[in-house]
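Please read the structure below before turning to the comments.
In this document, chain identifiers A, B, C, D and E correspond to the written order of the chains, with residue numbering beginning at 1 in each.
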Amino acid sequence: MQRIGVFVCHCGSNIAATVDVKAVAEAAKHESGVVFSADYQYMCSESGQDLIKDMIKEHKLTGIVVCSCSPRMHENTFCKAAAAGGLNPYMVEIANIREQCSWIHKDMPSATAKAIVLVRSAIAKVTLNAPLTAGTSPVTKRALVIGGGIAGIQTALDIADAGFEVDIVEKEPTIGGKMAQIDKTFPTLDCAACILTPKMVEAAQNDKIRIFSYSEVSAVKGFVGNFTVTIKRKARYVKEDLCTGCGLCTEKCPQKKVPNEFNLGLDNRRAIYIPFAQAIPKIATIDPDYCTMLKSGKCGVCSKVCSAGAIDYQAKDEFIDVNYGAIVAATGFNPIKVDKYDEFAYAQSPDVVTSLEYERLMNAAGPTGGTLLRPSDRTHPHTIVFVQCVGSRESEDSTKCGKSYCSKICCMYTAKHAMLTREKYPDTDVYVFYIDVRTPGKSFDEFYRRAVEQYGVHYIKGMVGKVTPEGGKLKVQASDLIAGKQLHIDADMVVLAAAIEPDKTARPLATLLTASMDTNDFFTEAHPKLRPVESPTAGVFLSGACQGPKDIPETVAQAGAAASKVIGLLAKDHLVCNPCVANANEMLCSGCSQCEKVCPYGAITYSYKEFRMPDRTTKLRLVASVNAAVCQGCGACTVTCPSGAMDLKGFSNKQIMAEVDAICK
Amino acid sequence: MQMNDNTFRPKIVAFCCNWCSYAGADLAGTNRLNYPADVKIIRVPCSCRVNPTFVLRAFGRGADGVIICGCHPGDCHYTSGNYYARRRMTLLFSMLDYLGIERERTRVEWVSAAEGAKFAQTMNSFVETVTKLGKNKRLEDLRCKK
Amino acid sequence: MSENNICREDILRISGVDTRKCMRCGKCSATCPAYDEMEYHPHQFVNMVENGDIEALVESPSLFKCLSCFACIDRCPRQVEPAKLVEAVRSACIRRQGHNHLSADAIPAILDPDIPQQALVSAFRKYSE
Amino acid sequence: MYKLNLSEINAFFAKIAQNEKLYIPADNGKGGARYTEWAEGVELSNACNTERSAKDFFFPQTENLVDFKVNGKKIEVIDSREECEDFVVFGVRACDVKSFEILDSVYLTDPIDSYYKNRREHGTVISLACSAPEETCFCRTFGIDATKPAGDARAYIAGDSLYIEALTEKGSALLSSLGIAETDDTAAVYAQIAETEKKLAELPLAALEAKDFTKKQLDAFNAPVWAGLSQTCLGCGSCTFVCPTCQCYDIKDFDTGHGIKRFRCWDSCMYSDFTMMAHGTPRNTQLEKFRQRFMHKLVYYPMNNDGVYGCVGCGRCLKKCPISMNIVKVMKSLGEVTE
Amino acid sequence: MQKVMIERAAELLSSGKVNRVLGWRAGLFAHDNTPSVFTDAADLQANFVYNEFCGANLSKYLVKESDKEGTVAVFLKPCDTYSFNQLIAEHKIKRDNVYAIGVQCNGMKDVNDREKLEERCASCKSRKHVAYDELIGESGEILDSNRFDMVEKLENMTSEERFEFWRGELSRCVRCNACRNVCPACTCEKCIFDNPDSGSANKAPADPFEENLFHIIRAFHVAGRCTDCGECSRVCPENIPLHLLNRKFIKDINELYGEYQAGETVNERGPLVNYTQGDAEPSVVYERGNS
């Protein structure tokens, strides 16, 4: 039998003015199990807390009810006071007689009557409370960053800086990501490679960082603090430890007709290649789809020219298991495919390019060596039309591949492109067709205004309706909504600001991580305002554009934020778990697995266990078990379970039913 | 302590999720927004913690109305709890209606932590509706009558 | 004005278009082949219907300059479907005239089966005005 | 013997109902019959028997034994029993009348169950002889004569008349108070008895014999046939709840929130919590539970009651078992193994 | 049919492919067949039966039988195959231990009115076997059933009429638990209604509330998992149309969350352990039908 103490707070006049606190304390005395009941001026005061501590000792209380303000205010205070008095902190219940009683009811008899019901309900609940102890689980002090773009690199560097080991898994042969393909960055116009490559080198040289390039995550097990990740190291056919990155093989390889993905197919590379000069790791990779040796067994040139003997045609995919305490998703973005927009003639004319392709055409390391030339005839374009919002901001039921969201970065990089074009080639006419120009960022609007005012870029409010390749030109038909005219421009090039979307690998990765995604395949954050870099799945963090469209400064900021969250986690030796978690009664569980399906955290697993039957035989049965370190205590499983095998500590079926009974009495 | 006059006062049980609706109810209090004392709130971690048996239990024990409040769809603290609650309660309430229990006695409302006014207004309108219906006679357990 | 005014709601109901979906990008007008012929251009059509400015549209010859080629419908990123609005105003206009200019005999014997039904009907309306 | 024309039967019922409650089998609108309190418009059913047995009158499914009131920290015990009023049950068949004897042997021997006794004392049973037994009937197996049911009075429906004779003082007191004409012309009754006896002899289960298993008690207990018989038993309580002789009960307390109500309710030996004790139940498997039910009816009960079987052959379990397992199948199998 | 089935069962036993055969055993009359396990050919020849009174859904017994050693052959009617799939999805049947033989079914007769088809067969939803290792006879198609007609009729009544209807039906309940025990979806280790610790158990149904509670929760617990096999109504000794409760849930699920047939495939995520962001709001209950 519990020995319950009830403490009724006056809260000055906040409660006492409308609730007869003495009557409430007196009524509580008559409830079964109550051995002490009193009212007090301010329960949250030092002396109020002392009263709790003293009465626990004096009356050997096993549970207490504090009738006061909302538990959201002072539950913690009273739990701590109870703990100081030698009581388990989970043996405390709060009856909210201020926010949910005295403050909303004007008339004393009815407010007092309600307060008594609320107290009864709390007494009924605390009678069924059980002491709970928060469990702990150890933390593996190593983090995994999935994706080696600027987001992943920055996160890894920051984590490593704090002294923790961190691995980067990158699916491409080199880290660097999208930023490596970009020429200049807005709004400062510094060279992307100049600021990115030092970071890549830093990551490569940091002894806390391991880079698994040309690798993918193929399985994730475990939970926060204790993940086991299987990394698939794709066969590179080049021994990483032997290759010196001299690049001789990439020059001698006879297979020259491989579209170069780094330059978005604007030129070709060999079947054995190093993506770009500053690649990290600088190791050659054989493309098995094109290598004649791998396909037909005839060639072997690279092997012959390699003095280091690094070529290994027999290589196989390798799988390694590594333990991590935290995982950061930094899978980034890609521009959408724009082939479906027939009106822009992207598929019809090579001179219609996406912005990222334009970026490569402007880049000194790009296919044209930095000279802006039309892809079709390698001549200098004189009229360039930029089209904004291609595939962004489309209605949800759009039949094309458009996105309903604003891609955020296009306004700025288009301004950058227009500006750089005008700067390098003042003889070109540059038109930008926009719906809205969105420049909320530090020095962003000034940058856009510079493009218009200083560089004379023609910004036209309106959309391009049609692009027709005709006689070596691109006939652009567009509307100028402000002039109320339809424009016809003979352009040499058209640049489409294609919407961006999450990388295709993000969705399967989210499934592996049991992290949730929105309908656009962006990772969902744990809270859109207050926990923007955490996924709802404990131990999984988000960095960069995989969470939503972002520019570089934002990505770097978020990468640092994610890193700090990871550091905060890894700095702990043990994680203290919320003890109010679900637990499965194995005697009742019938293994139907319904609960597993509703758990948003993947906290429920199934295993066969041996049970002794009443007739003394044994039986193997499938039963659920809850990982207390992962469970967040929502209770979805408890209702899904038809046999009541699943219950929630602190909010058990019996406790809630006792509250219902007390209220309806 | 019943009211002295004989006018019928309903018993209302409100299940409120800890993160949104319970906070919304607190805000209603902080803003001194009135609603009838007939409403008694039970705090649950999430609307998905509300088992249909709790709802039936409340009616059996003499409640005249049961309302479940949770975070707005999409805002669940646990990401998906209220979506499950929404399906469960829709089906349960539809079943109660099918069995001839007055459908106005049950309700689900999404109340955020910022919606103190909505909470008070919801409770006012629910109490009014249930008061009009009168005592729950179709789903009460006569054994529990005093 | 006339005794049976056509109101915004009528047009929205007949066309099934939600003009509020328009984000004023002007792609409909950019794409319109009859742009120069028209007094009011497709994006203005949408805007005017949204503002309830129907009479001006009814009175305007633009109404019958629209080719019903549906380029605007195809290209609109927000699926506003301006051509349906034009067609709705046309049919409302004809209804107000109290008779239908269409006659079944007028339909040529051979038709391209791929022509959308609506294009055919609107073409008849247009040329029989 | 009293006699009245069937057209006057409702007037006859009305007369009884003037003084006390009267229950008769009436159609339930679902193709069966159930005991219904007679009121104007309630018609006597033609069905062979009611779906539920007549034991409910004396041994209801639930009854409130006692209440406890919790007042602050004190507990008060309240006798919640209401004085039973006199009532009459009309139309009980021979098998069900016989079942009352079996219930009596349990509840009216020391220690006497006062709740049961109270109901029994206040109830008057008017039985009705069978005239159209069904294929599931096998009361003859247990020596019950469906044409001569016991009770406080016995009725026959023959031709267009209802014949009725008193068998006990209670019965004769009731009948004599009703002012019905007496008659000596009972030829129609005997003619009908003869006809019914012929029908009884031709029933598909007419040849079923109740063997004396008591001598081979252990053989019966250990017979391997139980495994096969109980194999697909679902462990539901439908056989026990429709059975007129099943008399096991459980006692359950119900917390009303302001007191405790103690109920007695039917229990079923098929249930997992039957005879549940602190250490568990003595019969863990469905085989054991199943065996217990039939051993009780066919072996243990006769052993303790001068060879009277615990089954009256009403055939309800033959109709209602979800898997069509029943006492007849058990008797046949058991008969073969104990030969 | 019966002859072919006996021959095939005997063959499976003698070849050692299976150790036991789950089928129906002939009773005293033509209409009281009992589900039974056969282990030898002579027993099969003498007692195996398949006629229009083999309503019992054998998949329920596989929960126990497939847990034993060896392989069990089972005869499954089309509607039983749905339960079979559903039980596999819930890990209640060890598929490897079962050899499933689909058998053609033309509808089962009502034991109470032997000229008529059972209600569930008259409104049969599917003659298609959704799972089997081999087939005897023919597998049919998913039918355009009128099984929701009565539910709709009830929905169109007034609230008072519905209340009266269900009081009339449920008041006959004797809480024998046959509906629960026969149900292939009710395979909990211990039912909450048998578990004194659950807070919902009450053996003494002394108030109509208990009947409501039991039947609402019973139907709710199988909602989204119930294949509408109709066993609950078949076995009710009081002939309560319990399937009308289950079908109400099925109808609501179909209307609100898209057509769903439990057991049509294995491993599907049932409608109550699933959601979409655009699901109907609970207020839909107030906005439709009769009040």
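Note that in this section a residue touches a chain if its C-beta (ideal position, glycine included) is under 8 Å from a C-beta of that chain, and two chains touch if they have at least 3 such contacts.
Note that the structure is a prediction, hence the values are computed from the model and not measured.
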Shortest path length from chain A to chain C (each step joins two touching chains): 1
Fewest hops from chain B to chain C - one hop per pair of touching chains: 2
Chain at maximum distance from chain B, centres defined as averaged CA atoms: C
Chain pair showing more contacts of the two, A-D and B-E: B-E
Most distant chain from chain E by Cα centroid: C
Centroid spacing, where centroids are CA-atom means, of chain A and chain E in whole angstrom: 44
Approximate Å spacing (C-alpha centroids) for the pair chain B, chain D: 47
Inter-centroid spacing, chain D versus chain C (mean Cα positions, whole Å): 82
Whole-Å separation of chain centres (CA-atom averages), chain A against chain B: 35
Chain E residues counted as touching two or more neighbouring chains: 190, 192, 199-200, 206, 272-274, 277
Touching two or more other chains - residues of chain B: 52-53, 57, 61, 80, 84, 88, 141, 143-144
Interchain pairs in contact, sorted by label: A-B, A-C, A-D, A-E, B-D, B-E, D-E
Interface residues, chain D side, partner chain A - complex: 70, 72-73, 255, 257-258, 280-281, 284-285
Chain A residues within the chain C interface of the complex: 343, 389, 393-395, 397-398, 402, 433, 435, 461-466, 477-479, 481, 484, 486
Chain D to chain E touching residues, read off their complex: 28, 30-32, 51-52, 61-62, 64, 135, 204-205, 228, 231-232, 234-238, 240-242, 250, 252, 254, 261, 263-265, 267-268, 271-273, 318-320, 322-326, 328-329
For the chain A and chain B complex, residues of the former touching the latter: 70-72, 96, 98-101, 103-106, 109-114, 116-118, 121, 516, 524, 527, 536, 580, 598, 600, 632-636, 638-640, 648, 651, 653, 656-657, 659-661, 663-665
Footprint of chain A on chain C - complex, ascending: 21, 23-32, 35-36, 41, 43, 71, 74-75, 77-79
